[in-house]
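I have a structure I would like to understand better, so I am pasting it below and will then ask my questions one at a time.
Order of writing sets the chain letters: A, B, C and D. Residues in each chain are counted from 1.
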């Protein structure tokens, strides 16, 4: 049924992205939920080698990021609270994905506030954009190990989140959408644009 | 039979090209037809994730890009009219392919009119070229969301289409041929040459 | 059982890393052991094409690198002594891995003593590092064909080995850990960081 | 038996190299022979898409490159004569491989006579080299469509062929060895070194 299918499809996507070098070591984390049950988030558990990630590696947490009782012995990803905050800020969100792509990290090592991207056809990969004749700003936030503090940064910066993606400095990219299909498209869109911009600017 | 085989082979090619990063998000589109029935174009439907593209994702349109009655509920690619115009301008064409490759986009972000390519052995990958001692110009056209306008640009620029490929600015590459085999060879040829030239010029 | 499983998993990892270009030709070598039997090292045999490496390509040597009697006709990797020395210097080590990655080689061609790496989230991939707010130095040692001499260099430089990885100049990276899982994570961590740093500095 | 096995292994190698981008479009060619029957060369036939190359795509030619009677209707690769000349100049050769790698092409677009490579561990991938403390020169010859003329160039330049590899300008790399295993190792060795040198020099 729907939950199991989504787990299988997202796990396959995660393994494919690992092959692209987007999740070195055991890094990155992913989640999804459904409108029928918006208080239950399925999030990747901590410390899994992403080349081996399977449908069994998701655990259930509530909107505060606390594991449901039957997952009490498993640790959710340390960044679960970031997922919770994105679901809170953008309630239509059903899936959140993440990468540690090299180009995301490189931009954030040299740019302060954001990466501005203009005039690419692939900008239409973002929900609601219908022409290449536009400019988007992908915001960069300083990395933090304090997830409460980082969540607060997201809340106070909501007005800067004009596309469904942001960069954590020297860490990676988060992207989200109204479905796994949308979230996947949004991450591939921003990563492609970051690669083009990096190669263009050097 | 021939149609089904071509669908399967082209779908496999599309999935392989997706792995190379040529079709991020749900971008790019593809078509083919046969001399026995030149008025029926099989074109990729809109919005499919190219990592999952299958033989079932082609729909039939006529030479004006209108879906045949039994596909009335499916949307052909928004760029179907570009395909129709290429078939019109070069009637021997049986297959048209497309990429959003990074190198194509990069060249078109810095060059105005064309990318000139000279002296490579792989130039022989283009139909009719038999020696590396030649120079070709791959034209760059400004990107547009108005497919009628872009088709008109192609028509008035036909004399610049001296190789079976062109670049849409910050969008990607189109290539075509007298068969799927030819179109595939032409796209791989131009993409390889664009990569060499980009790395050489930086 | 455990030995066979580890052979299979490490062999698969080796084939995957070969696809990433980390072991051109027949280069690189790998080993593991278990706490129950720390005097027996399972090391990759010499001269195997890493795209074809299988569980059968490990041989058993003792802590001095001498093959066990039943492997007397097989040659262990020429660099077995480096493995023995790492196990000696860091007795908790259970697995050692190696790459000839291009970025490792490039850094060591331009840097003298070390590659300093600071502020990346993925630094947390190294055992014991819990925040990105840190700096590590990956030491570079001159390459040598004299394995006794190189082992002595490692012993006298033990205090520089503050992360479980080092670079041999214009040769490649060694990494190790308390398990295959740890060693794999450490190699992917250092290689990712070296790629980021190289692209950032050019 | 041996011939069939070699066809299967070399065909698999060719498909793997295609995935690395070493044989865009239908380019590149390959051959092997056996000491028991040195006058029969098995060479890849012309015009095959290398992503689809199979054991059935080899045909038999003699030392002059003329197809054996039962292959009279198939065209051997246009560059068969280069293979014949390498077998003539280095009679111990049993296998010849080729790539159109980007790095080979780039070096030959900016260097006149040769690419000098020094001090890499992977130099030991060349037969007979036992230390990294050495320098090799990979010669570059001007590309030509006249295979007789090019073969004559090889003959008169034999003394420059000090490693089992050379570059044809803006065309690609040839490498060879005493077995498929050796030839494969030699091509992967030179391609890896060319990539390192290119990235180092920019």
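Here are a few things to note about the model shown:
Definition applied: a residue touches a chain if its C-beta (ideal position, glycine included) is under 8 Å from a C-beta of that chain, and two chains touch if they have at least 3 such contacts.
All of these numbers come straight from a predicted model, not from anything done at the bench.
The fewest steps needed to get from chain B to chain C, moving only between touching chains, is 2.
Ranked by how far their CA centres sit from the centre of chain C, the chains are topped by B. Rounded to the nearest 5, the angle that brings the Cα atoms of chain A onto chain C is 90°.
Residues touching across the chain C and chain D pair largely diverge in numbering: under half of the numbers involved belong to both copies. Chain B has its Cα centroid 32 Å from the Cα centroid of chain A. Contacts with at least two other chains are made by residues 202 of chain B.
Taken chain by chain, the contacts form a single closed ring in which each chain touches exactly two others. Contact annotation for chain pairs lists A-B, A-C, B-D, C-D, with touch applied as defined. Across the complex, chain D meets chain C through its residues 16, 119-122, 124-125, 130-133, 181, 184-186, 188-189, 191-192, 195-196, 199-200, 202. On the chain A side of its complex with chain C, the touching residues are 21, 24-27, 49, 51, 100, 102, 105-106, 109-110, 143, 145, 168, 170-172, 202.
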